[in-house]
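Please find the structures below.
Next come two complexes, and both contain chain A; in the first it sits with chain B, in the second with chain C.
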Partner chain A sequence: MKRSKRFEKLEQMPINKDGFSYEWEEVGLITMESRFDPKPSIKVENGVIVEMDGIKREDFDSLDKFIADYGIKVENAEKAMAMDSLEIARMLVDINVPREEITEICMSCTAAKLAEIVSHLNVVEMMMAQMKMRARKTPANQAHATNLDDNPVLIAADAAEEGARGFAEVETTCALARYAPFNAIALMIGGQAGRAGVLNQCSMEEATELELGMRGFTSYAETLSVYGTEQVLIDGGDTAYSKAFLASAYASRGIKIRYTSGTGSEVLMGDAEGKSALYLEIRCLMLTKACGVQGIQNGSINAIPLMAALPNGFRAITAENLIASMLNIEVAAGNDTAFTHSDFRRGAKLVMTMMPGTDYISSGYGGIPNLDNVFAGSNEDCDDYDDYYTLQRDMQVDGGLNPIKEETAIEVRNKAARAMQAVFEGLGLPEITDEEVEAATYAYCYKDMPARNKVEDMKAATEMMEKGTTVIDIIKILHEAGFEDVAENLMNQMKQRVIGDYLHTSAVFDENYNVISAVNDRNDYMGPGTGYRISEDRWNVLKEKFSALKPQEI
Partner chain B sequence: MAKLDAVKDYPVYEKHPELIKTPTGKPVEEITMEAILKGEVTADDCKIAPETLELQAQIQESFGNPQVAANFRRAAEMTRIPDERILEIYNCMRPHVSTKEELLAIAEELEEKYDAKINAALVREAAEVYENRGMLKKF
Partner chain C sequence: MLEIKELGVSQPGTDAKEIIIAVSPAFGTGLKQSITDVPLEEILKELCAGIEEEGMNYRFIKVYNSTDLGIIASQGSKLAGSGICVAMQSRGTTVIHQKDMVPLDNLELFPQSPLIELDMYRTIGKNTAKYGKGENPEPVEILNDYMVPSKFLIKSTLMHFKEGGMANRDMAPIDLEVTF
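On to the complex of A and B.
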């Protein structure tokens, strides 16, 4: 065939480097609305659910049982299940129906019922519903801070810059697991050097992550993965019962947590029981509810390359974020994994949570270059800051970030790096040189950092844990080394653990460590003039574009 | 005392600072930089007390989340269990790790040693379910 020059050019476009696939319904390779998904049903006898979505109690697997016994408000279940799903879908976009009325209904529904409700919505209706249903009135955002070398000085500097840019939470992980204690304390110190009140987590294997929290090196945890089939949950090394126990273990140490799940993970792990990705994700959300965990990180997460390859992928992902909110669960909404070569497409993905606002618009905006992202990249990174700010300015939408000047970034990065230098010296860890401090202050990526002796670092990190070092030791060192404000911020973070007000749904802190959660910042959206509105002060921050013309001055 | 209410009594520390103490019985205001530097406040002071978790459970109950309240009540019991033992018990509850007898022994330990009745019931239920679903230790 003689080729069309336009088709030849199209083939070269970034979008055509992405992978695409049709569905295979029988194995569960479908985003939502599969012919093989269970139909909604419930039977209650003496306050016990004896049938759920067509399965009789005697045939329940461990996950069915846990959800039926703990995840559904049984008192109203038969009434809620008898309502017309289309009617409930319309309530979601009806400005006259308050959020609480809908959460009460949804918390009494089965997974198949919730799937049926959202199947009536198109994406714009889902976004409208998300604006009303997210738990916390004020939206926020979360950042990744990692690098390929696990350089702790660079992590601290990056976390500080992220704090200054307004992220409510920062998250790190490791390329090499033995670096975890250093990465965790780097993130903690850096975050507090950037802005008081930033929450910090180090994503590791379950037991390690809990131990870091117990030492006071992290203030929340998120990487507690749940899956929507019994077999995949077991393959992930857990059961509903072990996960529930783990959740309470964190709360018993005053540490906030959320679970992690996402459409597509079960079929990727090879056992979707022939059900759609969204149906199984709803089971994850109901397990989260059943375990009494206040929040979820979802939005396909690591499985997004698969979900985005299938028809209706973004709609299903928008639906999973929305259903979490419908169950009164905090949502850290994904947008945290690289999945496309197309800037057009990743921008479109982002706006689906950025425009309505979620509790955290991204559960990992890369505040670092993509090449340094030890998670699977992110949908947005440090090269995109000005695009993000401009979208906030163009649309008068609050994406949770604020523009900062270059000198501010340099100042907080330098402070964080120097604080790390002092802490390493105080704890007797391998030296952080002045050259490293300087490099971290101005770095773009790990390549700009002098190499550290990794073997020595990992050995020292292990010894630090064996010695029983806690955040209290770090607070003392920082104070004595002249970083009184960072020490004070860390102390205030420790106080919050004693208090427990931030264990609640969607809780974050402002820079004075005042807690802002779904309990005291309830989303009261009921149409124009209600819900979250950008104040004049906030708008002055959001519209800042340092390079923009001031026409009066010309 | 009446149960705390999500609208009236939250944030609990702001509304009722006198209700919150460290597990060592200190008021929160005693956690100061001076006290930390003198060694008067240690990591043990910077933990949540079971009484505080009960108050926070009441907040979630009136916020419409009875499951989160139940989680906080399990947590209140767990404040009595040392870090290391919590990690060990968690590992024992993972699939195919323990026999039924081992899980039942943990339930008894939770009840007898730590007065953790809710957690003991959870582990007993797990033992039952694991047996029915083939999730116990495989020999």
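On to the complex of A and C.
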């Protein structure tokens, strides 16, 4: 065939470097609304669910049983299940129906019922519903801070810049697992040097992650994965009970947590029981609820290249974020994994959560270049900041970030790096040189940093853990080294763990360590003039574009 | 042309120079090409040449009771006379494993199969053999491209289904006669 020059050009476009596939319902390779998904049903006898979505209690697997016993409000279940799904779908977009009325109904529904409700919504209705249903009124955002060399000085500087840019949470992980204690400390110190109140976590293997939290090196945890089929949960070495115990371990130390799940993970692991990705994800959300966990990170996460390869992928992902909110749990909404070569497409994906706002619009946004992202690349990175700010400015939408001047970034990065230098010296860890502090202050990525002796660092990190070092040692050192404000911020963070208010749903801190959560910042959206509205002060921040013309001066 | 003949249930090897090459359930039968459409015999040719160049021997086995590369490799290393196994899924994902390690640990792992070129398989073979000889070689450089999943995750999932469809949880590893 003689080729059309336009088709030849189209073939070369970034979008056509992505992978695409048709559906295969029988194995569960379908985003939502599969012919093989269970139909909604419930039977309650003496306050016990004896049938759920067509399965009798004696045929429940361990996940069904856990969800039936702890994840559904039984008192109201038969009434909620008897309601027309279309009617509930309409309530979701009806400005006259308050959020609480809908969460009450949804918390009494089965997975198949919730799937049926959202199947009536198109994506604009889902976004509209999300604006009303998210738990916290004020939207926020989360950032990644990692680098390929696990350079702790650079992590601290990056976290500080992210704090200054307005991220409510920062998250790190390691290329080499033995670096975990250093990365966690770096993120913690850097975050507080950037802005008081930033929450910080280090995503590691579960036992390590818990230990870091208990030492006070992290203030929340998120990498507690749940899956929607019993087999995949078991393959991951878990049961519903083991996950619930882990959640309790964190709660006992006053540490905020959320679980992680996402559409497509089960089919990716090869065991979707022939159910759609969304149906299985709803089971994850109900399991989260059943474990008494306040929040979820979802939005397909690592499986998004798979979901995006299938028809209806973005809609299913928007639905899963929404259902988390319908169940009154905090949602950290994904947008954290590179899934497309197309800037057009990744921007479109982002605005589906940015426009309505979620508890965290990304989880997280790469505050570092994607080449340094040890989680695999994110959907957004530090090169996208000005695009993001401009979208906020274009649409008068609050995406949780604020523009900063270059000198501010330099200042907080330098402060974080110097604080790290002092802490490493105080703890007797391998020296952080002035050259490293300078490099981290101005760096783009890991390549701009002088190489550290990794063997020595990892040995020192292990010894530090064996010695029993905690955040209190670090607070003392910071205070004595003249970083009183960073020390005080960290002390405040520890006090909050004793107070415990930030364990409430969707909690973040402002810069004075006041809790902002679904309890005291309840989302009361009921149409125009209600819910989250951008204040004049906030708009003055959001519309800032330092390079813009000042017309009166021309 | 790749031909695979199943012999019998694999027994632990006694030859200290023996490396096990363990493959996944659909390897060479259900799936004959890697994720980038490279015929699997070309990959095996390089892998075997690498092992031979270091003066070691090899035996092929197929693991049917798992599609998880770590589990496949772990069973292979326990059967290897040298205690070293190089394991491969049909899509080309490869790991080097040693018998005293827990299944999900490894000596070297090459997770992004679309990035592994043929000459890399030869180096992987050489390194496997060196571990078998008790040496501690410089690891093969791992390539990483965060855009790989956006193109290949769907295909890798489909290939994984194929592996799963040919798996059998109750079967012990089988010795293979492989000709190419």
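One rule holds for everything that comes next: the second predicted complex is superposed on the first by the 554 of 554 C-alpha atoms of A that agree within 3 Å, B and C clash if a C-alpha of one lies under 4 Å from a C-alpha of the other, contacts with A are read in each partner's own complex, and residues count from 1 in each chain.
Definition applied: contacts are C-beta pairs under 8 Å (C-beta built on N, C-alpha and C of every residue); 3 or more make two chains touch, one makes a residue touch a chain.
In this text, all values refer to a predicted model and were calculated from it rather than measured experimentally.
**Student:** Consider chain A as the common anchor and indicate whether chain B and chain C clash or fit when overlaid.
**Tutor:** Once both complexes are aligned on chain A, chain B and chain C fit side by side.
**Student:** Contact-wise, after the overlay, does A:I475 reach chain B, chain C, both or neither (first, second, both, neither)?
**Tutor:** A:I475 sits against chain B, while chain C stays out of touch.
**Student:** Touch test for A:R533: chain B only (first), chain C only (second), both, or neither?
**Tutor:** Neither chain B nor chain C is touched by A:R533.
**Student:** Just to be sure I read the superposition right, which of the two partners does A:G216 touch: chain B = first, chain C = second, or both, or neither?
**Tutor:** first
**Student:** Looking at the overlay, does A:V267 come into contact with chain B only (first), chain C only (second), both, or neither?
**Tutor:** The answer is second: A:V267 touches chain C but not chain B.
**Student:** Could you tell me if A:F245 is touching chain B, chain C, both of them or neither one (first, second, both, neither)?
**Tutor:** first
**Student:** According to the stated criteria, A:K39 is in contact with first (chain B), second (chain C), both, or neither; which is it?
**Tutor:** neither
**Student:** Rounding in steps of 10 degrees, give the angle chain B-chain A-chain C taken between C-alpha centres.
**Tutor:** In the superposed model, the angle at chain A is 100 degrees.
**Student:** When the two structures are overlaid on chain A, which partner does A:K56 contact: first (chain B), second (chain C), both, or neither?
**Tutor:** Once the two structures are laid over each other on A, A:K56 reaches no partner at all.
**Student:** A:V27 contacts which: chain B (first), chain C (second), both, neither?
**Tutor:** In the superposition, A:V27 contacts chain C only.
**Student:** Between chain B and chain C, which makes contact with more of the residues in chain A?
**Tutor:** If we count touched residues of chain A for both partners, the winner is B.
**Student:** Considering only the touch criterion stated at the top, classify A:G254 as touching first (chain B), second (chain C), both, or neither.
**Tutor:** The first partner, chain B, only.
**Student:** Tell me, in angstrom, the smallest C-alpha to C-alpha distance between chain B and chain C in the overlaid model?
**Tutor:** 14
**Student:** Do any residues of chain A touch both chain B and chain C, and if so, which are they?
**Tutor:** No residue of chain A touches both chain B and chain C.
**Student:** Which residues of chain A touch chain C once you look at their complex with the stated criterion?
**Tutor:** 17-21, 27, 29, 235, 267-268, 270-271, 303, 305-306, 308-310, 337-341, 370-371, 373, 376-377
**Student:** Taking the touch rule as given, give the residues of chain B at its contact with chain A in the complex, in rising order.
**Tutor:** 6, 10-14, 20, 22, 28, 31-33, 36-37, 41-43, 45-49, 52-53, 55-56, 59-60, 63-72, 74-79, 81, 83, 86-87, 89-91, 93-96, 119, 122-123, 125-126, 129-130, 133, 135
**Student:** Can you list the chain A residues touching chain B in their complex?
**Tutor:** Residues 61-62, 65, 70-71, 73, 100, 103-104, 107, 206-207, 210-211, 214-216, 230, 234, 237-239, 241-242, 244-254, 289-294, 328, 470-472, 475-476, 479-480, 484, 487-488, 491, 494-495, 497-501, 503-505, 514-515, 518-520.
**Student:** Per the contact definition, I'd like the list of chain C residues that touch chain A in the complex.
**Tutor:** Going through chain C, the ones touching chain A are 67-68, 146-147, 149-155, 157-158, 160-161, 163-164.
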